[in-house]
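Heads up, the next two complexes both have chain A, just with different partners, chain B and then chain C.
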Partner chain A sequence: MTLETTSHREVTVNLESGLHMVPCSRIAEHVRDFAGTVCIMVEDRSVDAKSIFDLLTLRAPLGTVLTIEAVGPNSDDLVQGLAALFERNFEPE
Partner chain B sequence: MKLAEFVIEDAIITDLTANSKEEAIRAMVQSLCSAGRFATENEDNIVAAIMKREELGSTGIGRGIAVPHTKHPSVDSLVATIAIAKEGVEFQSLDGEDVYILFLLISPPDRPGDHLRGLESISRHLKNDDFCSFLRQSKTATDVMELLREADEDRL
Partner chain C sequence: MHTKHGIAVSPGVAIGPAFVLGVEDFRIPHRSVSGDAVDAEIVRFRCALENVCREIGDNEKLASEQLGTQYGAIFAAHQEMVRDPKLQGEVEALIRDRHYSPEFALSRVLGQYAKVLLNLGDMYKADRAIDLYDLEKRLLRHLLGERREELSNLTAPVIVLARDLTPSETASLPKRFVLGFATEVGGYTSHTAILAGALEIPAVVAVGDIVTDVSGGETVILDGINGRIIVDPDEDTILEYRDSEKRARSVAERLVSQRSLKSETADHSRIWLMGNIEFPEEAEHCKELGADGIGLYRTEFLYLESSREQSEEEHCEAYRQVVSAFPEQPVVIRTLDLGADKVPSQMPQLYPLGANPELGLRSIRLSLNDLERFKTQLRAILRVASLGDVRIMFPLISSLIELRQAKSTLHDVMEDLEEQGVPFNRDIQVGMMVEVPSVPLLAEDFAREVDFFSIGTNDLIQYTLAVDRSNPAVAKYYNSADPAILRMIQMVAAAGEKHDVPVTVCGQMSSDPKYIPLLVGLGIRQLSATPHVIPQLKEVVRHLTIPQAEAIAAHAVKLELARDVETYLRGELNKLCPDLAK
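On to the complex of A and B.
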């Protein structure tokens, strides 16, 4: 049985244009099949990372620090994968 | 950022018919050009820039909605238009469905913040089923602008 866990991670937006539609699409695609919930938070706002519409409302320019929170099976792996996307500026591996 | 501040009423198309993504985008860009938002000589270049952006991934983001966009030096502030396609347009959307509502944005290259605020505003309202439904039923540009103002004032 896979245990449901909660994982957090802070990431920084390093894109000159901020978190625009391409990175938002990549995030939604990355978390789509995760059997749990994933939120991305900034200040007092929290959005569902599975929804591109929600992600686009983050309005996160260059330098914004976001917190990722995943709840579900292997949440650590999911969060690490998302953080890696941010670290390589959403470029393919 | 309020929708009515950057959507150009004279460029709204409430009866778009297009056989392809490029046709839809071209019609919207032409409409913004006819509304005087940039010189005709920039039209092809803007269409090409938007189509190039589509190669990175379709801006058909699901729920029958597409938000094609680009940055372009021919505009000095964020401008947008809306098209409603009653028959739908094949847009290679993320969910594979046709699109019925299109928001096309052009922003100045040196104003990434405005682009993000515009996207935020559009997405926030497009999450509202009533907004989408009323938009699809709009028959004139005046109807659309009235709806945008109601949305901007949280009256929906």
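On to the complex of A and C.
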């Protein structure tokens, strides 16, 4: 049995127009099959990364620093993957 | 503000919000579901999600391939919205806990999301409102499927804009909520146009592209008098129209209050003003408007409105209803005039249209080609004729042989009824429509073989001037005031007088007040018109003397151009009844 773990990671929004609809959809797509929960937090707000509608409410313009928190099996891998998505500015690999 | 021009087919002016039919407009039929349907409704909702997801996937592929991946990404985002677990969870909770219908629950949840997003500030403003709307539309389309609710669910008055309306759609327009309608196609004499007149809903047809230009909700002025639609009118235009609307209404009220007055000229010549009707229900209305009978009872509805062949009894019932409204006055029943623009949807195989349907197997030709159906109708008419002054009229007669065939079929039916001991009226008056130019040319020959003529100007104009009456591209060539048409009416009136055969004019020409002095002046004493104009026609008749009418006709027939005839007649009407001149 895989162990449930909790992982954190800080990422920065490097997109000119902020974290708009398309990147939000990429995040949701990335985490959809994750067996645990994933939150993205900014300041005092936290949203469910599996819901594009939730993500859209993040209000994260260029330069915003976000915290990703994943709880579940292999949470580290998931967080790594998400951070990579931010780093390459949501472009396909 | 922009204006579109079309053909005015039903007078009146209406101002109201546009309701675009036939494009993406979804109304939610039911807000709640019963408790035991909850599971099934949730399954239905999930199916819609799945289907939409697949549909968006196809769009994504297409957009990526043809426009570039950045466009495909938009659809990928939409797909992510459909898959959103929160959306699904919240909608299903509303269905399960509050028994909302999936449609209603969905639009509630998406509505809330849109509100939240809109309140976030500028960042997302450009995309999400549209995206959520698009998503809602897609899902509703799948949820509602064929059960898409349109006209029957209106709750506030609107002006309906449509590509086209079928006769049955027109007939079922909820009059309370439909201020007027406009269609992209259609002609002055199309079935839909005739019905609009009957329903007294202002209408304009053949306006060209409108459904794609108007999204719905815009203020629209529908001018059924001048054949105009004004989208997003400015204040001045609205005021102007409100004013003329008010004037028109007060004139109409005054005229209706005079319905019990006799229809006679100022010098006491009786002019019979009868109604053209489509449905039996209209007979009562004709009576209220002061009609002297029914001059044209179209019977096509018996075929067009039903999914199966009507029985003799059903024909009888439809005729009896009209006769009971006019027990002592003429009721002229026209035998089936199907074909060309009137093809019953349930039997297209019977109507091989060919390249020129208007010149093909239509009307009386169709009846003579299918004697069994024809006889059913004739039996019903003959039986009902024993109850009142019922007359029978054959449409689209083009040669004596056709007339004789129709009459001999009628006699066969009489023999059958006689043998079977069924009561009927053997002395029924038998007449024919004058719609094909061959008839005016040989009017004297025909006059010897009929009891009355009725000039159907719509088809007579179409065949004389070679204008397809349903084709907007040539609509300008279709003109009641053409000197050739005036000459034909003159010829029929003369033959009628010589052989003592009364001549009626039905068709749209006799529904236009400006033609009344001309027609009376040409010797016509019976007119049959769209019911709602009867009070106006009576007003004209009562202001007219026979010498005056004859002088007007004598002048009009000397004019060389349709345009001049029309201008002249409009001017004369303005002198006679300034209230009615448009």
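In this section, the second predicted complex is superposed on the first by the 93 of 93 C-alpha atoms of A that agree within 3 Å, B and C clash if a C-alpha of one lies under 4 Å from a C-alpha of the other, contacts with A are read in each partner's own complex, and residues count from 1 in each chain.
Just so it is clear, a residue touches a chain if its C-beta (ideal position, glycine included) is under 8 Å from a C-beta of that chain, and two chains touch if they have at least 3 such contacts.
Quick caveat, the model's predicted, so the values are computed rather than measured.
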Chain B versus chain C as contact partner of A:16, first or second or both or neither: first
Which of chain B and chain C A:25 touches, first, second, both or neither: both
Touched partner set for A:57, first chain B, second chain C, both or neither: both
Partner chain in contact with A:67 - chain B first, chain C second, else both or neither: neither
Which superposed partner A:48 touches (first chain B, second chain C, both, neither): second
Which superposed partner A:92 touches (first chain B, second chain C, both, neither): second
Touching both chain B and chain C, residues of chain A: 17-18, 20-22, 25, 51-54, 56-57, 59, 61
Chain A-touching residues of chain C, taken from the complex the two chains share: 69-70, 73-74, 76-77, 79-81, 83-87, 113, 116-117, 120-121, 123-124, 127-128, 131
Chain A - residues contacting chain C, complex: 17-18, 20-22, 24-26, 28-29, 32, 48, 50-54, 56-57, 59, 61, 92
Chain B residues within the chain A interface of the complex: 56-57, 59, 61-63, 67, 69, 94, 112-113, 115-117, 119-120, 122-124, 126-127
Contact footprint of chain B on chain A as seen in their complex: 16-22, 25, 51-54, 56-62
